[in-house]
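Going by the order they are written in, the chains are A, B and C; count residues from 1 in each one.
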Amino acid sequence: MQTQTIPDKINFWRNVIVLRIVMQALFVIAIALVAGLLYTNMLRGLEGLGLTFNFEFLKQEAGFGIAEGIDYAPSDTYFRAFQVGALNSLKVSVLGIIFATLLGLLFGVSRLSGNWLVRKIAAFYVECFRNIPLLLQILFWYTVVILQLPPVRESITLFHNIFISQRGIYIPWLKPMPGFAQWAGYIAAGVILPVLIYILKGRKSGTKDFARFAVTWGLPVFTCLAVSGWYMSPQTPLVLEVPVLQRFNFTGGVRLSPEFSALLIGLSVYTSAFIAEVVRGGIQSVKEGQVEAAKAVGLNESQTLRLVVLPQALRVIIPPLSNQHLNLAKNSSLAIAVGFPDLFNVGSTMMNQTGQSIPVFTLIMASYLIMSIIASLFLNWYNRRVRIIEQ
Amino acid sequence: MSNNISDEFIVICDDVHKWFGKLHVLRGVTTRFKKGEKVVICGPSGSGKSTFIRTINRLEEYQQGKIIVNGTELNRDVKNIEKIREEVGMVFQHFNLFPHLNVLQNITLGPIWRKKTDKEEARSAALELLERVGISDQSDKFPGQLSGGQQQRVAIARALAMQPKIMLFDEPTSALDPEMINEVLDVMRELARSGMTMLIITHEMGFAREVADRIIFFDEGQIIEDAEPEAFFNNPQNERTRLFLSRILHH
Amino acid sequence: MSNEMIRQGHPREMTGPLKWLRDNLFNNWYNGILTVISLFFIFVVSKAGFTWIFFEASWEVIPANLNLFMTGMYPPEEKWRIWTVVYMLAFLAGISAGIWGGIILRFALISTAVSLLLAVLPFESITRLLLLGAAIFLTASLLLGRGRTGWRSVVLWGWVLSFPLTVIMLRGFGESGVLPAVMTTRWGGLLLTLILASVSIAASFPLGILLALGRRSRLPAVSWFSISYIEVVRGIPLVTILFMSQIMLPIFLPDFRIDKIIRAMIGLTLFSTAYMAENVRGGLQGVPRGQYEAAEALGLSYSLTMVLVILPQALRSVIPAIVGHFISLFKDTSLVAIIGLLDLLGIARSIIANPDWLGLQTEVYLFAAFIYFMVSYSMSRVSRRIELALGIERK
């Protein structure tokens, strides 16, 4: 279609197209030269250290202990150790994201409160925690707060069942009993069945509103199966286990180590200060006229908030919010400062033991990049959805 | 051969085609403009008139055909593009003045950096031009402090500062408040009297009748009608032109 | 509206503080409860804080280590060099404030206030005098610079030159002589924190502009390279980059011996460049297409279009974002404490580890936090002012 019939009797060094290609080629060559130089240097450096660039060492025995995380023994492989670290990172990030979002919502809304004192307290919280480096905050929570707590025998008790001491925080937790596997089957069915129905129904009628379907179909089906499964199982599937003080320590329940707690609190509080600003900005971005229009139509205050303000504010909030979530996940790498065995901490131990810094860095970078890519895929999906709704 | 034609015609367009992706926006435009000619181009929005005028200084590339400006072929030769841009001045609908520079700096930017004119010389030339467009007292102001009409006059002065042989006007008055339209048209009238070659996209039909040597009507990427003003307004040959004129004149 | 009500003689109309109280704290029942709870909360917290700060804390650890906090192990007999730099910067800041006024003036006034505030702190008396002197000096140069628009380009060059001058003054050269070398290993405290932050910002600024232009380039090879650099760096944590620069630089460049602080600077710069590029890109996107077209129609080349027309507008609009980026980088430099540098946080940690000051971690950390807070908070105020000023200008 776009035939090139423009007479190209031009000296080629003055042709725009040729120049464009030449410039790119030069750029690529320059980058390749630098990369090549670095690469040969790297090979030379590795040779000097007696190493080669490969991932074979991952199959070797790690030989170092990891304080917490999924099942692991020093006799396991390096790869297993890395998995433990990755899961620990995931755990602290997910919990941190939940707490940071809740705190951020609370303080963000408080900054717009009609109450002058509440507004000022929220502003103080935000300014205080976002202007002090996160690392300092984590170290502060760790050395000043948690390590100064009373010893185990004098633990602070909350609600009779939560015990806080230097050794960490002990909270009651659900313990699976023998009947658990059977009940888990019911739960799985409760999730899968509605999804199947949704897919089958969706193919017929073309409905795509998942949220509505989840409420009208998914939730009832799930509740029915979960409840009946609970009573059908021979033994109660889950028991709430309360920590009990033995001679030297608590048993039962779940222990949040001091390192984990300090990191979690630090990440949540720091990020919540930024999320509070995001929330405030989002709510303020909704024009005054929208609220007035909603009132004019006769909506009451909570309806106005729920039906008019929030949907519009969310559109502004979600992108920077997920950015903050991503920041929190990346910042969880500060675990190394308090010795929590996250992805990066385990990775650096591996580096010290094997000297394989380049492969380990590659693994670490790949893990974080996968996380960022997932987040940006989500954001792209969300933005596309929002744009469709707007049209 | 081409020399003779180039002597007579300052812009020669020969079967110019342009696509935006799959959209065929210029479908074989062939026309010629004489030195000193004033041509008004009109047509409904989306007719390709603006794209056409922008291909003449290569703000848009064309994919097929041939354009020769003042004897220089507009192709992919870097030197030719530079030469043509120097000879063709352009005035935009939204003025596009540089907001971070004051009026004087806006006008002298091109001469100083492109033509390597001496700073003082460029300055006095700019002041003369400001005098000519009637706002010599505003030379230290920033575009944001001027009215739309004043901004457009500065934009004309900025284009003239490069001493172009051809001036392109892309709807120079459509973004203006009604009371400012005339001050810009006056400047354009004066420019027309001075013998400048002008290609003007405008909906100001009174102005067109008064100033234009020729009026071109564009529709769907083609020239539908090309006539002298009298003939164009009183006896349009094409049905679409008639429809367009009846709409625009009854307003 | 309230005036109208008064004129109408509304019976329950109150004025003054009582009205304020009712409107802002007790306008309905739940706000009343919230107010009471908040007051109680503030009372408990401030009582505990007050008691601790004034009766329980052992603040002597701060004055005893103030030199460490500020400059690390920088040799005391060479301190005059730091002071020279401070006075040089005060001079430049004062002159610029006098010439340009506006935001720079406000910034200079804040700097004066900060140095006056610092002069109140329990430094040695000579330090306090010097701080006072700096404040006076800054004000004097401000008065000197008033209305001297002719000095603009000279002052700009002064700022550009101040950078290498600072480095030369602090680093020195040779074994002895006027400026004996002070090894970077002895740099520390707030001095190191500020140097790390400003060097990486200054270095990442031009690099970030290039990357941002690269990302928007029409040449696919260039834009692909820029995009992958920006996205990869933004996707991984700063700690990783700092460790990489410590461990990998010697592997990739075995022929150079790069000291630890320089490696940290390189790491911070590589990190900061990606974020700077995104900021600049935001500004570039805000410049309307018409500006490119107008420049092109004048026959300006790509580089002239960028330098004369596009970048001045783009960069202006991203000043607040860049200040914000500087604030976060200033806080992020604390991460170099993990790789063993003695910046403000690193020094704090080393003081806590010192057996002489056992058990005083709260005081030490709070003091460090206070300094970080002061710098970061005041900069964010300045940034907000700039944002407001730019907003007004646009209108």
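Here is the rule we use: a contact is a pair of C-beta atoms (placed from the backbone, for glycine too) under 8 Å apart; a residue touches a chain by one contact, two chains touch by 3 or more.
Note that the structure is a prediction, hence the values are computed from the model and not measured.
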Graph class of chain-chain contacts, one of line, ring, star, complete, other: complete
Chain ID, smallest distance between chain and overall C-alpha centroids: C
Distance between the centres, which are taken as Cα means, of subunit C and subunit B, whole angstrom: 49
Geometric centre distance via CA averages, subunit C-subunit A, whole Å: 28
Geometric centre distance via CA averages, subunit B-subunit A, whole Å: 56
Subunit B residues within the subunit C interface of the complex: 57, 59, 82, 85-86, 88-90, 92, 94, 96-100, 109-110, 113-114, 144, 155, 158-159, 162
In the complex, subunit A residues that touch subunit B: 1-8, 10-11, 14-17, 19
Residue ranges of subunit A in contact with subunit C within the complex: 20, 23-25, 27-28, 31, 38, 41-42, 44-46, 48, 113-118, 121, 127-128, 131-137, 139-140, 143-144, 330-331, 333-334, 336-337, 344, 348, 351, 357-358, 361, 364-365, 368-369, 371-373
Interface residues, subunit C side, partner subunit A - complex: 24-25, 27, 31, 34-35, 38-39, 41-42, 218-222, 225, 231-232, 234-240, 243-244, 247-248, 250-255, 327, 331-332, 334-335, 337-338, 345, 348-349, 352, 361-362, 365, 368-369, 372-373, 376-377, 380
Complex contacts: residues of subunit B adjacent to subunit A: 19, 22, 62-66, 73, 75-81
